[in-house]
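See the structures that follow.
The two complexes that follow have chain A in common; it is paired with chain B in the first and with chain C in the second.
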Partner chain A sequence: MRRGFWPLAGWLYLGLLAVFSLLPMAWMLITSVKTQFAAIQFPPEWIPSHPTLDAYAELLSPGREIGRVFLRYLLNSLWVSTATTVLGVIVAVPAAYAFSRFRFPGRNLLFYGVLLRNMFPAVVFLMPLFIMMRFLGLVNTQLSLILTYLTFGLPLSIWLLKGFFDNIPIQLEQAARIDGASRFKAFLLVVMPLSSPGIIATAIYSFIQAWNEYVYALTFLNDDAKLTLPVGLQHFFTEYATNWPGLMAASFIMSVPVVAMFLVLQKYFVRALTDGAVKS
Partner chain B sequence: MAEVRLANVRKGYGEALAVDDLSLSIADGEFVALVGPSGCGKTTTLNMIAGLLEPDGGDILIDGRRVNDLDPKDRDIAMVFQNYALYPNKSVRKNLAFPLQMRGLARAEIARRVDEAARMLDIGHLLERRPRELSGGQQQRVALGRALVREPKVFLMDEPLSNLDAKLRVQMRSELKRFHQDLKATIVYVTHDQLEAMTMADRMAVMQGGKLQQYDTPERVYAHPANAFVASFVGSPAMNLIPVRVTDGGVAGGGVAGGGWALDLPPELLARARQARGGVLLGIRHGAIRLLPSAAPGTVAAEVLTVEPTGDITFLNLRLGDTDLVASVPPEQLIAAGQRLWLTFDMARLHLFDATSERAL
Partner chain C sequence: MVRHRADYLYVAPAVLVMVLVIAYPVWFTFYLSMFSTPPNLALEDKIFVGLDNYARILGADSVHEASLNTLVWTVASTALAFVLGFGAALALNRPFRGRGLLRGILLVPYVISAVAAAYVWRWLLHSDLGVLSALAMATGLRSQPFNFLDNTDTVLASLIMVNVWKEFPFVMIMMLAGLQTVPDQLLRAAQVDGAGPWQRFWHITVPHLGNVSLVTVLLLLAANFNGFTIPWVMTGGGPAGASEIWITQIYQLAFGRIRFGLASAYSVILFAVMMTMGYFYVRALVGRDRAS
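Take a look at the complex of A and B:
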């Protein structure tokens, strides 16, 4: 390792950042294995003296009230996020392919129009979308969330995938078509496998976005049984006492799919972001 | 195998015509090169035969059947691409098997044909590798193999050798030629390299600006170029084209004159030169210029600008009046820059072109 002031300062800076971002996670984990009494103790216990998995057991047992509610939210979140992801891929892949391969009137206008959506903060669309959903009779349905999340995820997905398709030489498809494949089969057998890192990355991206979204879920849904996790977690705050270990355990469980997915697929994710950007 | 016929084929991109009223017949088992500078329409033509591009007008026939509206997969053709277009995520074996799988052949038959093609191209030891683990020459063979296994009616090749280094290119050239002789395959071969076309093709179609300039055997195209473009494109170094004007008088009754020099022409050539509406372009290849150390009747004086020995032959850049031209001498003949020489032209190998239409006279 190189010595000197600047490398040292760099390490120090990165170390501080790491502590800053990891400390809340650590605190979440620590609190989730405490008892309610230990959780509100002051000065706080950094290492719990009586660690317990009670909070997790309670959340994950469908027989108990708190577990029943939590698991319902978890399933709701899984359903909304998965549906958003699957629909997103189904729409983004052909759209990106068309933008990449076909010349049609209004192509650039449409493409930048799609990207334009990303220039505004999501909250700007809250009221217009709510009014639209009411008009369509979709308020208080999970479909309204799925549709909304699609509009958030699609622009980046399409842009990312277009970069991928652009980098696949058109001759590969031409070769496949001459070798006996239809245009669709050439896409399915040659282009899709080569762009799988991009497709996986966009799928993760849509999933995480839908999984974490709070404001729209709060606004569009009012039936308790339909809530997703981010909104549902509020139920752990009550007027008189907050169930801190329960809240933290629930938060931890909620972050597991996202972190796991990212760890397993991060190499695709990084490749997707760089491959699309740099022409080889 | 099959014959290919193009009749009045047209293709435009926006305003520009990439291929303009092209008619071409390729006989069964013939090796035809489409050759021309980049943008001449040769690749567009090939892609139309393949079915990757749709012609705006005219007919494309393979074996007498009009294929304009057929998908590439239904035309029974195979294509070799400049960048080989091997499927990067498939092994060599799977690359070779792909066209056969697409046609639903039995597994045993696929294995048999893949092995046969691998043996023929000497790539048996590479079958389990991925394309990126192969050298350029090996990739080239695999691409050829993928075309071969299908036993298609027509082979289409789009600059298949231009990504290889010079030495390998010469080697693959003779291999391709042998491949054609063994298979008696109909091959349409696109190249910008006139030497490739000359060395391999039975006939070459020289194109420029979307138009067919000449379609004939390499020998005839070389010896009798139809116009000044073909004359300057085919052959290396390019044919000398010297703008001259036709003169009267003198011993022979007339001749041509350039800036600061004049030459008598025999009556037959003179008659042809006089057909020109405006000026005349005098075409002469380096090998048809004879050099003398001293003045003689019917010679013109020139100054040696540079001397370029290549081993087998030495090229001389000469200054004749106000034009430059290239001549050649055997390497034994020692000539220095700045030297003065006298030229005579081999009249039997002199070409005359109309300076306005550029057509051969």
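Take a look at the complex of A and C:
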């Protein structure tokens, strides 16, 4: 069945869907290379007649007001996401290893508990966490975000990593142990190196999650200088006008690294994310 | 296998952190839901009110109005994302040149930050300057710009469209993985026996996708029920509450009006609905494990 109705319909469908998928990104890019004056023309210029990188230059120049603020948010986001990722890997790797290798009472219950976390609404956790953070003196600190992202990212990190560990034959470890290595040493010297692509993919996944997170950052931080990028974007709205080219350029800078990282590693994510759901 | 006490050490850090940040907040929300809290959040001044908060939430007109929106938002987003994503998976489930690239393009909405997506869609749907209006006018469908988000009749549908745009790729990758478990030999054997594409689809492909569909739909229902960023950034529940859903109301009650007690009771009600869904979710997963 090389030709015929179905393949053609499939192509048409995928084509329309691709346009739908890319339209927002495309318009983001087009608006970001316009001047404010050109951006608010209607009907709009489909292809900018005088493309300019002014919006980007402004965002990236520390001397300008808007650049100073944007670069600060960018650094804040980088710091929060990196710290979350590093701590997350340190905690999730041993746990995922245990879930993959050991049989202990409560193992299943615990694991479904881990998955159940997906069901709980973030907004509902906000109040108790806010009070807890206030009690700990952490409101309006980036540490509160790092701790929150860390814990909420753990279930999925453990789930992803367990999938990678499951694919490493246990015989390799057993061989190392027969040769006299302790369990920990076998883990460190045999399992870790073999699963490094999985660990990297998981790390990048948690980085992306932290980078994109909005609702906790919106609630826990109120000091302007401490905001992360997703919340900081609101600065492009003022009472009088919206700086659409600036907002779109900032959104573009925020989105591009994440989309690029995901696409490069999509093979790993897609496999890891779907493994559990289709194994039968 | 011999059990070692040390085995627990590997899991302990993760469990400890999760108990602290998941179990405690759940308990605290229940507790707080029975109190009236002062607006300065000085919790030592809270007043015990029993089930009063629940009665007030369940009796509020604004909550009733948001309930219908929540139902429409959750069910319509899930159904449309599922249909769109499943279609994409079916169309992608054959070898052709550029398949990887196309899959990558279709994954972009899923990866992009929800806030950036919400802003760019606000711009696309802008009442005076929006691209969608301009497209409709350029193709002669309309003579005036169309007001998507400031119109009580279209605002919820617009938000659902954006949400579907964000979520269909998730369905696509889940169903694509599911489709790869459908045995090729079976499909070919059926073809040899004279089964047409529709028959092969209904009698072989669909029955193989039961589990993965169930898991995907339940995950989507949960995600949509809890969906916050898109409605909050795009409309904040407006205009006139036309896009208000439970989650945005809870947030407004808690952090707009600082009524933690009332918002906690609202959250517990939401919990109850969630847990009912969660029960089916776990049962579906456990059932799948037993079958394997």
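Following the convention adopted for this analysis, the second predicted complex is superposed on the first by the 264 of 280 C-alpha atoms of A that agree within 3 Å, B and C clash if a C-alpha of one lies under 4 Å from a C-alpha of the other, contacts with A are read in each partner's own complex, and residues count from 1 in each chain.
We adopt the following convention: contacts are C-beta pairs under 8 Å (C-beta built on N, C-alpha and C of every residue); 3 or more make two chains touch, one makes a residue touch a chain.
Please read these numbers as outputs of a predicted model, since none were measured by experiment.
Q: Looking at the overlay on chain A, is there a clash between chain B and chain C, or do the two fit?
A: Fit - chain B and chain C, as placed by superposing on chain A, sit side by side.
Q: Touch check for A:193: first (chain B), second (chain C), both, or neither?
A: Touch partner of A:193: chain B, not chain C.
Q: Tell me which partner A:212 touches in the superposition: chain B (first), chain C (second), both or neither.
A: second
Q: Using C-alpha centres in the superposed arrangement, which angle lies between chain B and chain C as seen from chain A, in steps of 10 degrees?
A: The angle comes out at 90 degrees.
Q: Using the touch definition from the top, say if A:92 reaches chain B (first), chain C (second), both or neither.
A: So A:92 only meets chain C here.
Q: Quick one: is A:179 in contact with chain B, with chain C, with both, or with neither? Answer first, second, both or neither.
A: The answer is first: A:179 touches chain B but not chain C.
Q: Could you say whether A:233 touches chain B, chain C, both of them, or neither, answering first, second, both or neither?
A: It touches chain C, and chain B stays clear.
Q: According to the stated criteria, A:121 is in contact with first (chain B), second (chain C), both, or neither; which is it?
A: second
Q: Pick one for A:23: touches chain B only (first), chain C only (second), both, or neither.
A: After superposing on A, A:23 lies in contact with chain C but is clear of chain B.
Q: After superposing on the shared chain, does chain C or chain B touch more chain A residues?
A: C
Q: In the superposed model, how near does chain B get to chain C, counting Cα atoms only, in Å?
A: Closest C-alpha pair between chain B and chain C: 7 Å.
Q: Could you please specify the touching residues of chain A with respect to chain B in the complex?
A: 169, 171-172, 174-183, 185, 190, 193-194
Q: Touching residues of chain A toward chain C in the complex: what are they?
A: Residues 1, 6-7, 9-11, 13-14, 17-18, 20-25, 27-28, 31, 40-44, 91-92, 94-95, 97-99, 102-104, 110, 112-129, 131-132, 134, 147-148, 150-152, 154-155, 158, 208, 211-212, 214-215, 219, 230-231, 233, 244, 247-248, 251, 254-255, 258-259, 262-263, 266, 270-271, 273-275, 277-280 of chain A touch chain C in their complex.
Q: Within the complex, which stretch of chain B touches chain A?
A: Residues 50-52, 71-73, 75, 77-79, 81-83, 85, 87-89, 98-99, 102-103, 146, 150, 156.
Q: Could you list, by residue number, the parts of chain C that touch chain A in their complex?
A: Residue list for chain C touching chain A: 1, 3-4, 7-11, 13-15, 17-18, 20-22, 24-26, 28-29, 32, 41, 43, 84, 87-88, 90-92, 94, 102-109, 111-117, 119-121, 123-124, 128-129, 131, 134, 137-138, 145, 165, 168-169, 173-174, 176-178, 180-181, 197, 211-212, 215-216, 219, 222, 225-226, 228-229, 232-233, 247, 250-251, 254-255, 260, 263-264, 267, 270-271, 274-275, 277-278, 281-282, 285-286, 288, 291-292.
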